[in-house]
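Here the chain labels run A, B and C in written order, and each chain numbers its own residues starting at 1.
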Amino acid sequence: MSAHSFDIAHMLAGGLVLVSFLLLYQDRMFALLNVFALHAVVLSASVAWQAYVQDAQHLYVPAAIALVLKAIVIPVALRRVVIRLGIHRTIENVAGIGPTMLAGMGLVGLSMVVMLKATSPSVDPLAREDLALALSVILLGLLMMVSRRNAVSQIVGFMSLENGLILAATGAKGMPLVVEISIAFSVLVAFIVIGVFLFRIRERFDTVDLQALDEFRGERR
Amino acid sequence: MALWGVAVLLGAAILGTLLQRAGIATRLVYGLCLAVCLAILGIAAWHLLLAAGPQSAQLPIGLPWTGAHFRLDALSAFFLVLTSLGSAAASLFAIGYGAHEPSPGRVLPFYPVFLAGMTLVVLAADAFSFLLSWELMSLASWALVVAHHHEADNTRAGYIYILMASFGTLTLLLAFGLLAGPDGGYTFEAMRRADPAIPGLVLILALIGAGSKAGLAPLHVWLPLAHPAAPSHVSALMSGVMTKVAIYGFVRVAFELVGEPSWWWSMIILVVGSVSAVLGVLSALMQRDLKRLLAFSTIENVGIVFIGLGLALAFKAYGMAAAAALALTGALLHAFNHSLFKSLLFLGSGAVLTATGERDIEKLGGLIKRMPLTAFLMLGGCLAISALPPLNGFVSEWLTFQAILLSPQLPQWGLKLLAPAAGAMLALAAALSAACFVRAYGIAFLGRPRTPEVARAAETDRFSLAAMAACLALCVIAGILPGLLIDALAPVALVLTGARMPVQTTVSWLSVVPVAESRSSYNGLLVLLFITVSTLLTIEAVHRYASRAVRRGPAWDCGFPDANPATQYTADSFAQPIRRVFGEVVFQAREQVEMPPPGAAQPARLAVTLRDLVWELLYAPINAGLALATDKLNHLQFLTIRKYLSLTFAALIGLLLVVAIWR
Amino acid sequence: MALIVGLFLQGVQMLLVLAVAPLLLGFTRTVKARMLRRRGPPVIQPYRDLLKLIRKEAVIADNASWLFRASPYMIFAATWVAAALVPTFATDLPFGWVGDLIVITALIGSARFFLALAGMDIGTSFGGIGSSREMLFASLAEPAMIMIVFTVALIAGSTQLSFIAEFLPDNAGLRVSLGMALVALIIVAVAENARIPVDNPATHLELTMVHEAMVLEYSGRHLAMIELAAAVKLLLYVSLIACIFLPWGLAPAGSGVLAYATGIAAYVGKLLAGGFMLVLIETSIAKMRVFRVPQLLGAALMLGLLGTLLLFVSRSF
């Protein structure tokens, strides 16, 4: 593999981290869904590039799945869910965009340090860094789930976390297709379940704002 | 030889005490101080530029078995140049300003002692004389802070100041004790040769002791109270010079006396420096009092110096001597530059105070027309402190940035992540300080006068103007010929880090080269030349091709100019966007508006609350704990005789038990 | 002899910058109008505006000070010198080593300092609002710029622009940190030049003005200088993006006349492309509320910091 190809792999992995930060920055629902579609597009480009470079034909399928399912089907479906439920279009943060982005920076630094310390230096350094970037995407997805008050944005955070896992798996050589299909199906199932839940919650309580729900459950001070 | 100067200063103090009432006393004392400071400046500059070897002196005063050692080496000479420049400027200013002093008897005796104390600290070569001079400096400045004791704020400021100063001296005492070791080698020479037992603890104690005097967060709370309370020339000395003497103490301990540094020391210093820088400038943006604003800005600049020092220690710990020299030179150069422009700004605020009687910038305005020379000099000071080329503030910040660009070579992970964060905080502090000084200068000097007294202000006397003009001239020279200063600092860097920056005077066109000429360079002189040539070309083109007609009329203001000066922007409104963006986190800034219902006659009210989190989280609990403890212990004052006897008896039994068990 | 050629080239650069700046502005306005399905002004309209302004009488408020009259010269001189330090068509300008990227940022900062002071000089509330908002944006845009400078300097090994322009075409390739720096630089350029979504350069409404509020009291030749300085500042940022991220076509040291001519043609092409991109951004986003802009600039600062952090961690990012 030439240095040029590693450059592109790095670029795509870094692009995914960049789009994760963009996800953290959004505070409007439709913009969030569009950026999530972009996230999935970058992921599929990265997986396709890995398929080309590793000469592993079976990796083209996960790339296609990510492109069709996560970049087109799921955002469109979520958009319709949002419109039908009449969900509040502004996303509220727990802490404010500034501190959230700062926390994201800290997480990226942490994942860099962890990955570059946990793996041995004899491994190809570029592969270690790709893994570190994938871990950053996972942590940023988790941060998104933790720092949002709206259930739809938490779903998006969960799915960006999935994307990070796929990035990590395709970065290393030899991931079987079976795993990918199962992941894809589990995502679909999770989505259906969550969608059903959302309907029920909305019908019962007239809102999907978690803060209001907590208050109802008596858990909020 | 500089010690003779100190003796003359002490003599001037006695003179001041004796001649309090005489009208000529002020001019005599300050003039004498000016002369002595210039003499010491000459001696120190001579020593530094010639790169002469260290000179020692030993006086038979002080402790009977050590005496008092004094030494003039490269580091001392540099800081002596710094202190004597600042002191000379303040003394020259005070020849004119001191005439307005209502109680000269409370200022004149202590001022020369203050100068003497600072000079002795820099010259001291053993722990005892160092600490004695340090305390002399603190006590003399305390006396000057409480000189105007009729104002309640000043007594509180003095109280907190003396508490923090004593605490700082205690930690320094412990640090020197650890350095001296069990053999008790109190001279710096002995400390250099010996290896201290717990070097980390020594560094932390020195950081606390010297850092609290310099104004590092979280030990900075006394600075914004004490510096504004003193008379203006003393404020200039305290902010511009005394903080640098504290930095000298820290550099002496951390770079020379404590031996080989460890990597984690620099992490603490970087964190503390960055936090001080950003916290200082954000607090300055919230202030209405001009002198308090300048005091907070001192905290910011001290933070920047410590960022440079932290980087230098980190490079030194890993043996990267050239990078360490770069970082150290940048830090010391910033200390020098800051003493120049901060003195200028404080002296200017003193001039404003004498002319208008106001420190609150929200009552000032339009002073650029009433006090044109002061306004021009203050503009130069504001440009310098905002780190704008071609003045001197920019050079030291540029050098610090270049040092940060060298730090990816550090192998330690924590430092690798901390250095870019410190760089970002430094850049943020620099941008915010530009905003702070646009606000301060714009509200105080530009616009229309907000009170009638300010509309009648007059220009200050020529001594004050001369002092400020000298400071500004030095700022400009340091900005366009920084190579000379860097070469003068080379022997200091050589001693402390083992390397020096490349020789600057041989670089073509007098540029400044941090590492190698091919990598980066900066030429202040040519930037100034370019700007001047561009301005002249523009003026020429405008005069030739453009209409020269000018007509005066009322302000446009989109068609509705309001004659009332109260409709101008106030200092609080200028800072409001920054308060909303940064202040919500840092100060828990909250705005509350009470709107009366429509038709009601009372005015609407806007209340802005800012909380000092450092005070509430660190000092208030300590205060409460001490109050609790002393309350409990107070009962010991009111016991019966029998109880006192039984206490003595219990102590005796306890000591006998200790002897019995231990033997 | 080489010194004379060098000085001549430097003079050509300075004149080129001054001459092309209004053209870029006019091109941007015309393309924007066409995108919005209007005809728009002719491309040379800014030149006509400047000529009109310098022939007019300057009306100055009664209580304006000398700073008000001197500021346009300072602003213009600082911006012009900063623009002259950016390599546009050649990399070996003789005075390119006078100032590096940090100096350019600081020169823009001094122009802004004087502009903000000029806004406060007359003592009206509009000037105050412009200055205060401008300093807020600057307090975030300047650190973001410094972080971008760090990112680029860590890759190229120097903050000197001539060195960077020669180093990057062959050695850098596609890198994550450069991508982040590019996005951050575009955001900072939009904010610093008072374009949508940060400020609207076309209106004089209090709700939408920052830059226009500060220069509200200026007229005649002073206004002409400030407008030209704003145009040069836009040119500076587009040239900066072109020099760092599209460094092909720059004539190296000691080339012939043909190489310089190619360099100028390439530079003009890059300027037009940059103007077009700016128009795309301006027509597709609405202007933000004032207190959303710090979030945008904070994102740019984070991106710059992230790029620097990645480069600190490993050289291959």
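The rule is simple: a residue touches a chain if its C-beta (ideal position, glycine included) is under 8 Å from a C-beta of that chain, and two chains touch if they have at least 3 such contacts.
Being a predicted model, the structure only gives us computed values, none of them experimental.
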item	value
Other chains in touch with both chain B and chain C	A
Selected pair, greater C-beta contact count between A-C and A-B	A-C
Chain A-chain C separation of Cα centroids, rounded to whole Å	36
Euclidean distance of C-alpha centroids - chain A vs chain B, Å	48
For chain B, residues contacting two or more additional chains	417
Where chain C touches two or more other chains, by residue	294, 305, 309, 313
Interface hub residues of chain A, defined as touching at least two other chains	98, 109, 112-113
Residues on chain A engaged by chain B in the complex (per definition of touch)	96, 98-99, 109, 112-113, 117
List of chain B residues in touch with chain A within their complex	413, 417, 584-585
Chain B contact footprint on chain C (complex, rising order)	54-63, 65-67, 73-74, 76-78, 80-81, 84, 95, 97-100, 102-103, 106-107, 109-110, 112-113, 116-117, 119-129, 131-133, 135-136, 138-143, 146-147, 150, 153-154, 157-160, 163, 204, 206, 216-217, 220-221, 224-225, 290-291, 294, 301, 305, 308-309, 311-313, 315
Residues of chain A that touch chain C when the two form their complex	3-4, 6-8, 10-11, 13-15, 17-18, 21, 25, 97-98, 101-102, 104-105, 108-109, 112-113, 116, 125-126, 129, 133
Contact footprint of chain A on chain C as seen in their complex	173-177, 179-180, 183, 294-295, 298-299, 302-303, 305-306, 309-310, 313-314, 316-317
